[in-house]
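Two complexes follow with chain A in common, the first pairing it with chain B and the second with chain C.
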Partner chain A sequence: MVELTSSEPYQHGGLTGPPPVARRFWQIHHRQRIRLWGIAFVLPTLMFFAVFKYGPMMWAIELSFNSYDMVSTPYFVGLDNYRSLAADPIFRETLINTFVYIAGSTILTTVIGLSLALAINTGIPGARHCMTAMFLTNLMPIIAVCLVWRFLLHPYGLVNQILQPLGFGRIDWLTSSSTAMPAIIMVTVWRFAPYFMVIFLAALLALPEDYYEAAELDGAGAIRRFIHITLPLLMPTIFFVVVVSALLCARIFLMPYLITGGGPGNATRVLSMLIYETGFSYLKMGQAAAISVVLFTIMMVFTALQIRLFARSEQVYM
Partner chain B sequence: MKKSALGIPSRRDVVRSIGVAGLGAAVSVPIARRAFAQTKKPVDISFWTFDNPQQRPWVHKRVKMFMVQNPHVKIDFQWFAFGDLGKKISVGFATGTAPDGFVSQDWFMPVWLDKGLLAPLDVKQLGYDNFTAFTGDFAKAFVDGATKDGKVYGYPMWFYGYCNYLNAKQFKEVGLNVEKDWPQNWDQLGEVAKRMTVKDGDKFVRQGFKFAMHSSQWTMIQYNPILLQSGGKWFDDSGKCTINNEAGIKAMTIRASIAQKYGAEDPADSIATNPIPGMDFLKERASMFFCHPLPTSLVKAENPAMEAENYFRPVQYPGVQTGKGFSTTYGFNLVINGKASAEKQEALHDLYKFMMSDLVDAWKDAAPFTFAKKTGWADNPEVQKFPYVNEIIRAKDEGVFLPRSLVFNELADSMHRAVQKVMLSKADIKKTLDEAAAEVDRATAAYKKA
Partner chain C sequence: MTTPEVAESRRNANSLMRHLPALRKTVGLVLLAALAFAFLVPILWMTVMSFQEGGKMFNLRTEWIPAVWHFENYPNAISRAPFVQYFINSGIVSVTVMAGNVVFCTLAGYGLAKFHFRGSGLVLLLILSTLMLPLEVTLVPTFLIVHKFEWINTYQGIVAPLLIDAFGVFLMRQSIISIPSDYIEAARIDGAGELRILLQIIVPQCLPALSVLAIFSFRDSWDQFLWPLTVVSIDRLRTYPLGLVQFGEEYGNPATEQMAIAVLATLPVFLLFMILQRSINRGFGLSGLK
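Now for the complex of A and B:
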């Protein structure tokens, strides 16, 4: 704080003018005030995230080093929960299932979502209506979706009724360990692909026409235009879709839980189901937290890899 | 009161007086109400149970009647899906929101008792002279799960065994008579089921027999008697899981035989669709089905002709030895949260005594669900007029309990996976049971360590 004692005109920075009024310690500069207002506006959101997001996340990480049965007081067990996970064949099988599910669903959702968007973007008659009809899959409650698919994929259900005249035998979609996971992936793609189709469509509509006109003048066909213009320009959108879809799939719970219950055997059990069962059915919250941390780490690594991969591919294209 | 120059109270004085009078009245009314309305202190209780179309409404009815008779007790009555209740209660205990009283499935009792979560019941308040008088009033197998170290922790309610339900009309169609030809061992069950089966190509039009495979609890209920009849045990004396020994393999072979040896069951159909486990039996798409006592209201709702013509017939389970079959029995306890206050515990004792004081009333509303109590209902004419009631009571009396284990959920899930692998993927029985036993042993070790 500056104390002024002289009555001489005050000089600051070569300028003369009236001396600044002495500020008390509680008085703050205009710029600081603006900053404080900003913080005040952001604070509720920060508090919300701290209390409901980062707080529980930190607690889950801490819990993963404890033994906790939801009733007794938690106590520190070091890496025991992680060690028992590493030795557990059910966990290993579930981890593989989760990878298969994420990879299958993400790749197919992205490819089919993009294909649908390209088809709609051609402007063929009725395309808009088709888009609306397809997007309806996202508006249906997930429980209804799962129940309907359970009936459709029943050994005597509609899907087999359609396939049988085409020469296919009976397929036990949900009760055979070789077809259950593909069936769950198929339902996931059916639900999510139209959602990402809309995102791809928005990106396609925003692409500049000039490139296509120039390429057409140079004699480039549709496939070359797609490979050399559309695909590079869509890279940021593809990256977004891949990351968001993978994150969605990593957290999937209701679909396998309601359609197959994780079975047959352990064929469709994914990590989020195992977390639920370990925590709430077996009352091993510490171990459930350890599985959550593993899932979180996988997703962080996956997202970081995606960022690097797509950054590199963008450089190549640009 | 300050007066104006003229000796008249000012407007401010009047307003102040009204305020004081109002405040006085507000304070005095609750005191007066407390003084005259009732003599007992008000008690608010939370009570949870499971949902069942017959049982839950009866429990609710008795709770309402109790509140009318005891106006000082207010009961917040909640119910949850059968499979969810245990999980809800676990979370309730963890978060301090567990109900004061609840209905506990028998297989959860070991965990509640091991963790000291339940309050012991005062048998005198329930109308018994002592512990022995109490335990003597109920089926021993059931009381064993509700008592510990000479104390009672659960007041037994319903307790029932499973029967083999037969479609008498379909038996007749293939030239069989349910009264003479009901299957008394597992081979007979397979042979009869094979005879009843109707197929169109690889599609089952009618399954001769059907095992429910939709949940781990049902898997355990179905598998338990087969294992014990085969001479097997779930655990040995040291606590090691023994489902993979010779008797266990025999049990799984029997379990798989109806589909794999006799071709009389479609296991892929069992787990995929049915909202009610016995729906295929009720819709006459399966000729035989193991089930808890079937309420006639349920039969009537799903198949009015079956109910009207009474062609569903419960018989005892088949046995490994002919005619010596028995099924799984299980039941439910009324219990009190160990953290409930003394007033709440007292009110809950009164509530439980009242609820279970009229079993014939319970029978009328929830028949044919039987009770753990030995007396006061089975010989009542109202009970005896129910079709085949003595078969149902016999299944209860001769039945065996589900394993009382601290790792019951892990055991049930492991067995469920094992049965699915054997039935749906035709996995090797020995290898599958070895894996399941190893899973259970790991769970036991983890529990002991914790």
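Now for the complex of A and C:
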């Protein structure tokens, strides 16, 4: 392969004085040149992430030990930002809200996403179109989702109109502290379950068919086939969906921000909202950075899990 | 069982599946369609309300068919605020972000899939670990960096932090890795340059993945609210989500007109999805679906 290219073989030393840069480049070993191309392809992305991901993260960690209001120069305060967070009941409530939201949304989206995928995968003609229709909820602009659901969850809104004939009273979804978080989770499930349905569906379609044929011959019913064949084979996908969903939910901002504004009280305030408010409403950049570090730590756990999954699977997910 | 017997019973099982009683099929389809419809209700509601009379949105009974179709909600809404400008701004941002993702994720994905240089494993790890650093987490320092670049209240300021997403890099890498390396080697022997190999051999084979990348990067930047909210403070550069929220907060703007803008905002994403749909389905691995 090397011999077929026009470039000369690599020469060790023997040259008097450094050759011109261009000539030296062409003298680099063929394989090495290809390797350089590879690096060149990756380099822009790597530089971008250095400036807009790792740089900011380092800066956030540094800022979290400082007090900074964007006007005066930052000064070192040690662990004060973290100490005041630990003592702040609003922060504690927000942290708990974030975990409740992540857990509730992730469990429900996974279960419903899988159920939808199983329903689509029954071989019913026209199922493909039903899938496409449901997937539209995932494409609707999130801002429109929030505005529409705010009206639907209004005390006189469509959700209560549907529930009332079923014997429910009028529920103040967004203004009562016990229902506000479930309402946000409900909207999240509506938004994300069809997306995970698609991922589950792809996994279901890729399952080897002969297992099922064999099980059917052995007289296994649909439920036993699901428990003994489908579920074990889907385990990696389920794990993947849980992790991705947790990552998506950990950073949620717009839904609580627009639908409830974090209220009533602090019932639906989540960490990303607190970062924005602390940083840009109260201009406490150091304090906001400390909250960022907390959120970052939570996300790091899920990301580490995800990278382990990526390392194992060759399947394409988005 | 002997082989012919197995084949026989398999054929029976198959034919049983194929000739599922028509009734069961119909019932299944009706149930499935009802389920899909339930998911679509909020989208339908938004669309119907965008044609409703101002006050009727808060009726005790939702009127699904407007007594009078108020098509004028649309021009009225657009004329109340510079929504044309907002949509143009969003369009500029989203198309740029989409292009950035398509170009750079393909380059990086190719580099990581088919080139083995020292540290390429570490590079992949570094790129993937940025998944834990979304803008929501790095909001404050990213703002300070963009501030240092003096990009506050500029298009480049809105676009820059969104330009490349690690998920896209991984998606493209996974898609390109399955292309046989022999194609690339053969092209090299024929004297094709590396960029030509990428454009003429790699890209045509990963169009499904590229479509998935395109629709998601477009949707994500079209949806972006927090970052423009942070980095834009002048009306001329507002993207439509900021304009729409402000429109709702201003007193006296009918909610039906807000819905009209929401419908207009939904159209570009649905349109892009329709154009790319076949390819997206393949990108997700759904080609086998009936």
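Throughout what follows, the second predicted complex is superposed on the first by the 264 of 318 C-alpha atoms of A that agree within 3 Å, B and C clash if a C-alpha of one lies under 4 Å from a C-alpha of the other, contacts with A are read in each partner's own complex, and residues count from 1 in each chain.
Keep in mind that, in the parts below, a residue touches a chain if its C-beta (ideal position, glycine included) is under 8 Å from a C-beta of that chain, and two chains touch if they have at least 3 such contacts.
None of the values given here were measured: they were computed from a predicted structure.
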So in the superposed three-chain picture, is A:H154 touching just chain B, just chain C, both, or none of them (first/second/both/neither)? both
Partner, of chain C and chain B, that touches more residues belonging to chain A: C
Is A:V42 contacted by the first partner chain B, the second partner chain C, both or neither? second
Kindly classify A:S272 by the partners it touches after superposition: chain B alone (first), chain C alone (second), both, or neither? second
Is A:C249 touching the first partner chain B, the second partner chain C, both, or neither of them? neither
Between chain B and chain C, whom does A:D69 touch in the aligned arrangement: first, second, both, or neither? first
May I ask you to decide whether A:L205 touches chain B, chain C, both, or neither, giving the answer as first, second, both or neither? second
Which of chain B and chain C A:I34 touches, first, second, both or neither: second
For A:F280, using the defined touch cut-off, is the partner it touches chain B, chain C, both, or neither? Pick first, second, both or neither. both
Go through the superposed model and pick first if A:S176 touches only chain B, second if only chain C, both, or neither. first
Can you give me the overlap between the chain B contact set and the chain C contact set on chain A? 151, 154, 156, 280, 285
Along chain A, where are the residues that touch chain C in the complex? 1, 4-5, 34-42, 44-46, 48-49, 51-57, 59-60, 63, 116, 119-134, 136-137, 139-145, 147-149, 151-152, 154, 156, 158, 161, 190, 194, 198-199, 201-202, 205-206, 213, 216-217, 247, 251, 253-254, 258, 272, 275-276, 279-280, 285, 288-289, 292, 295-296, 299-300, 302-303, 306-307, 310, 314-318
Using the touch rule from the top, collect the residues of chain B that touch chain A in their complex. 87, 90-91, 93-94, 111, 115, 117, 202-203, 214-215, 266-269, 271-273, 407, 409-410, 413, 416-417, 420-421, 424-425, 427, 435, 439, 442-443, 446, 449-450
Note which residues of chain C are touching chain A in the complex, please. 6, 9-10, 13, 17, 20, 25, 28-29, 31-33, 35-37, 39-43, 45-46, 49, 57-62, 104-105, 107-108, 110-112, 114-117, 120, 123, 125-134, 136-145, 160-161, 163-164, 166-167, 169-171, 174-175, 177-178, 185, 188-189, 194, 198, 209, 212-213, 215-216, 219, 222-223, 225-226, 230, 240-241, 244-245, 248, 255, 258-259, 262-263, 265-266, 269-270, 273, 277, 283-286, 288-290
Touching residues of chain A toward chain B in the complex: what are they? 67, 69-72, 84, 87-90, 150-151, 153-156, 169-170, 172, 174-177, 261, 263-266, 277, 280-285, 287
